[in-house]
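As structure tokens, here come the structures.
Two complexes are shown next, each including subunit A; its partner changes from subunit B in the first to subunit C in the second.
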Partner chain A sequence: MAALGYYVTVLAIFACIYSIITIGLNIQWGFAGILNFGVYAFVAIGAYSYGLVTLGKPIPGAGQSYILGIHAPFVIGLLAAALVGGLAAWALGAIALRRLRSDYLAITTIAFSQILWLIAGNETWLVNGWDGISGIPQPLNGMLKLSFNNYNFFFLALSLVMLALVMWFAQVTLRAPFGRILRGVREDELVVESFGRNTASLKLRAFVTGGILSAIGGALLAAYVGAFNPSAFLVGETFFVWAALLIGGSGNNWGAILGAILVPVVFTEGTRFLPSIPSNPQLIEAFRYIIIGLLLILTLKFRPQGIIPERPDRFQRATKRDRRLRTGRAAAPDGEEPPHA
Partner chain B sequence: MLEVRSVHKRFGGNQAVNGCSFTVDPQTSVGLIGPNGAGKTTTVNLISGRMPIDKGSIVFKDRPIHNMPMWRVARRGLTRTFQISRELRALTVMENMLIAAQLQPFEGIVQTVFEMARIRSAEKEGVRKAFELLELFQLTRLANEYAANLSGGQKRLLELARSLMTEPDLLILDEPLAGVNPTTARNIAEYIETMRARGITLLIIEHNLNMVERLCERVIVMAEGSVLAEGSMRSIRENADVVDAYLGTVV
Partner chain C sequence: MTVLLLSIGFGLITASVIAIAGVGLSLQFGVTNFVNFAYGDFMTLGMYLTLLCGSVLHLTVYEALPLVVGCTGLVGVLVNRLVLESFTRRGSNPIILLIATIGVSLVIQSALLALWGSQFQKFALGASQPLHLGPFIFTPRQLIILGLAVAAMIVIHVLLRYTRLGKAMRAMSDRRTLARIVGINTTWLTDWTWFISTAMAGLAGVVLAINTASFTPFTGFGFLLVIFAAVIVGGIGKPYGAMLGALIIGVITSVAASYMDSAYKDAIAFAVLIGVLLVRPQGIFASRGRG
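This part shows the complex of A and B:
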């Protein structure tokens, strides 16, 4: 029973982290229509930034070499991840978003991800090459002195708080003029531009916001797992985030969360009871990709808007009483706010 | 208000606009007519900043606007509609209207998080104005309908209503009557007359010459990328060059 509790907690932590990353992609694709196929590059940037800031100096001869190592606390690591993720998104977006659209932009973001992957793997002095960095401190673990299981619960609470903050921000953004204008950009850039909006700047803001959220997700991932290396950000990882968003419901933050829960759970659980085949040990792994791919195809075929589709704002006209109050023809009772349209 | 001075634009071997010059005075309604391929829509694209000019200049409210990005031109008070309705399909009619509302100061990330009360207040004002316009264009009952679900005529009306949300000084209408039935066309003409009464300067591209005569006090005829003639519709109808290049026969 305890083992099941532990397992569910681990799944819930990963669901929270995936949700933050998927909400980041939702702001980029679901809101603004930016085709970013390099999502996991920003997750990796967040993970490495967090690791490099929170780890101590590398010990000579201990087999690890990396830059920085300033042993900063969790919050500083998280802020550093968000900052570097945002800066990287800004640098890529400022070049790519101005002129490139749809498939060309997608190719550029994949190329960015691959360049980063090769640098992380080959430049051993930077982030310890293909072996990656390990021993990344878990937030407050040394101070709280909790048991292994209890620390898991603590990390789940921390992840839930982070997810709640990110969700609040994403929901506020979606319902604000900023979110609406991004949806306008997604539909027809030219029209939005003809109403006086700098669409390149709007897209860049959405791209940077998504980059920051992906990096925060990466920081939490590194903080929980305690290690990160290039094999953790292969192109396939980005595919899972996309699958989560499209299956859950693009343009809807709740859809993003649902997808982020469904896809990893289906991925890990859907093939759990398949017997392993000694002659082909890679078969189970292949089945996992097939299941997610199948789920994606079925979604696009039968429910292209996703399980929880985008919902527009509904507006009601102000009543006659509202208008009277606004024009001052009837005084509002003391302390009563005029009703809103 | 608007001065187009000897503007040129070439696409490969095609000289689409060839030394086009004309002016639009404040609070007037000017028609821009001409055969297909005369360069009318390209001229509008050049004025609105959709594409850069090769040569010449465009001055709006005493300041040059040529080669300025479209959004900067729009912020100076010049709004345009498109030949084919470009409604934002996955947004509702009201959301389409609010996209055109001038809420730029509230569209930053920082403002979104830290100035919620101010945003709500500005948005409320935008919604009030949008409902006023929707009522004028008889679209109120469709406010929460997806724009994709509107009929062709309703999409035209939405485009007109939306363009008024920007409170433009100069509104360029690119074939506002294209593809609509005669009844809707008459309704749209009435709405355009309402715009004139509100003091909005209009530049209207249109092929329906009776409507042009009704809506515009001055008409500019373009052919082969330059201005062939200009004046009242009566004088245009009697101009031999225009008859030859566009009208085909005296009407």
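This part shows the complex of A and C:
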């Protein structure tokens, strides 16, 4: 029973962190239609920033080398992650968003992510190369002196608070004029431009917001796991977040959370009863990825709006009701059309 | 100077691999108008099919080549029919198709992982003695790669210039609507395009594995960005541009790798890619931009 409780707590912590990252992507893709395939680059930036700021000075001979190491508290680490993540998103977005069509932007963001990956892996002085940084202090663990299990509960509470804040922020953004105009950019950039709005700057703001949220998710990940290395930000991880968002329902923050809970749970639990074969230890992992890939394709094919579709806004709802009243029958479900299909 | 010439020689071999892959990817983009993120995984499929031919049919790498190339092409047609065609028929946004190809990529990659595991695989190729050709040093294996690339380019050139299919492909990538209006059978064209494009991927995969000696289920996907770099430098959707782009990326990365940390070989290609996208997204050789 205790083992089950522990297991559920760990899953819940990862679900919270994953939700924050997926909401970040939702603001970029679901709201503004920005095809960012470099999500985990920003997660990595957040994780490394948090680690470098909260770790102490590297001890010579202890086998780790990295820059900074100022032993800052959790909050400073989190702020540093958000700041560096935001700056990186701003730098990439400022040059890439202005001129590139979506598919080129996707390729550029992957290339950006891969360049960061190569640097993180090869420059050992920077973030300890391929081995990565470890021993990142868990927030308040030294002060609270909790047992291992109780600390997990504490971290879950912390993650839930963070997720609640992020969710509140994303919901406010969605309903604000800014959120509405972002959806305008997503549907038809030319129309928004003809109303005199600068679409490049709008997209940049959405991109930076998403980058900050991904970095915060990365900081929490590093804080919980206590380590981060380049193998944690392969391109596959980014596609995983994409699968979560599209299956859950892009454009809807609740959909993002549902996807972030569902995809990892399906991933870890969906193959529980497959026999493990000693000759191929990766077999189960491979089947998990096959399931995620198929789920992604099937979602796009049969339910492109995701499990929880985007809520039509007040105006769309009103016109639909109006039409129903006038024609005296159920209106065509045009408000439920997939946002991007 | 010798280092420079030697690295240009290596660059030519890398360029041969990229050219085969790049021309295939470019053809497919030109006709279907979306970026195929599963392309690298078709390359990996080619590598593992060769392995399979070796263990089951006891064919050598070169004997298996026609069979492997044909089979990869057929898998491509199958993937198009089973997965992607319904999106095209529905008139989906090219971006949705792009994301769908990521699902395809995950499935192919993981299927290979499930069947063979993640350990490094190798073709059974004997040792080969290096030959001195003028200032260059090539192994016979590298010369075969070069020859295959040249042959593939000639075949594609003949296809595009002199056959009905090739002309239809060019028409489709040039003016989509006009091509439809004059009555080009799009189903026929798309099937053939997928066959040729993924067959080229299969060939490129085998050639890449011969060149780099070892591979895993992730090798093709890792190579994808380098192909994108070449294709975009040459102008996406333009097969002849892709050939030139391959030459540029192949030589630049090889030369750079011999003068700086070779770990950053790919990073150079990505940097060129980002640079070209920002300065001339239509490609270096595009005569006129079409948006």
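Basically, the second predicted complex is superposed on the first by the 314 of 341 C-alpha atoms of A that agree within 3 Å, B and C clash if a C-alpha of one lies under 4 Å from a C-alpha of the other, contacts with A are read in each partner's own complex, and residues count from 1 in each chain.
Keep this in mind: a residue touches a chain if its C-beta (ideal position, glycine included) is under 8 Å from a C-beta of that chain, and two chains touch if they have at least 3 such contacts.
Because the structure is predicted, anything quoted here is derived from the model rather than measured.
Undergrad: Could you tell me whether subunit B and subunit C fit or clash when both sit on subunit A in the superposition?
TA: Partners fit side by side after overlay.
Undergrad: For the three-chain arrangement built by superposition, which of subunit B and subunit C touches the greater number of subunit A residues?
TA: C
Undergrad: Would you sort A:Tyr289 into first (subunit B), second (subunit C), both or neither based on which partner it touches?
TA: A:Tyr289 contacts subunit C only, not subunit B.
Undergrad: Taking the superposition on A as described, I'd like to know which of subunit B and subunit C A:Leu190 touches: first, second, both or neither.
TA: So A:Leu190 only meets subunit B here.
Undergrad: Check whether A:Phe178 is in contact with subunit B, with subunit C, with both or with neither, and answer first, second, both or neither.
TA: first
Undergrad: Touch test for A:Leu246: subunit B only (first), subunit C only (second), both, or neither?
TA: Touch partner of A:Leu246: subunit C, not subunit B.
Undergrad: Is A:Ser102 touching the first partner subunit B, the second partner subunit C, both, or neither of them?
TA: In the superposition, A:Ser102 contacts subunit C only.
Undergrad: Counting only touches as set out at the top, which of subunit B and subunit C does A:Arg205 meet: first, second, both, neither?
TA: first
Undergrad: In the superposition described above, what is the shortest C-alpha distance between subunit B and subunit C in Å? Please give a whole number.
TA: 7
Undergrad: Enumerate the residues of subunit A that count as touching subunit B in its complex and touching subunit C in the other.
TA: On subunit A, the overlap between the subunit B and subunit C contacts is residues 340-341.
Undergrad: Which stretch or stretches of subunit B touch subunit A in the complex?
TA: Where subunit B meets subunit A, its residues are 48, 50, 69-72, 74-75, 79-80, 82, 86, 88-92, 94-95, 98-100, 102-104, 106-109, 111-113, 116, 119-120, 122-124, 127-128, 130-131, 140, 143-144, 146, 165-166.
Undergrad: Give the list of subunit C residues in touch with subunit A in this complex.
TA: For this pair, the touching residues of subunit C are 34-35, 83, 86-87, 90, 92-96, 98-100, 102-107, 109-111, 113-114, 116-118, 221, 225, 228-229, 232, 261, 263-264, 266-267, 270-271, 273-274, 277-278, 281.
Undergrad: For the complex, give me every residue of subunit A touching subunit C.
TA: Residue list for subunit A touching subunit C: 35, 95-96, 99-104, 106-108, 110-112, 114-115, 118-119, 121-122, 235-236, 239, 242-243, 246, 279-283, 285-290, 292-294, 296-297, 300-301, 304, 340-341.
Undergrad: Per the contact definition, I'd like the list of subunit A residues that touch subunit B in the complex.
TA: Subunit A reaches subunit B through residues 169, 172-173, 176-181, 183-184, 186-188, 190-199, 202, 205, 209, 310, 312-315, 317-318, 326, 340-341.
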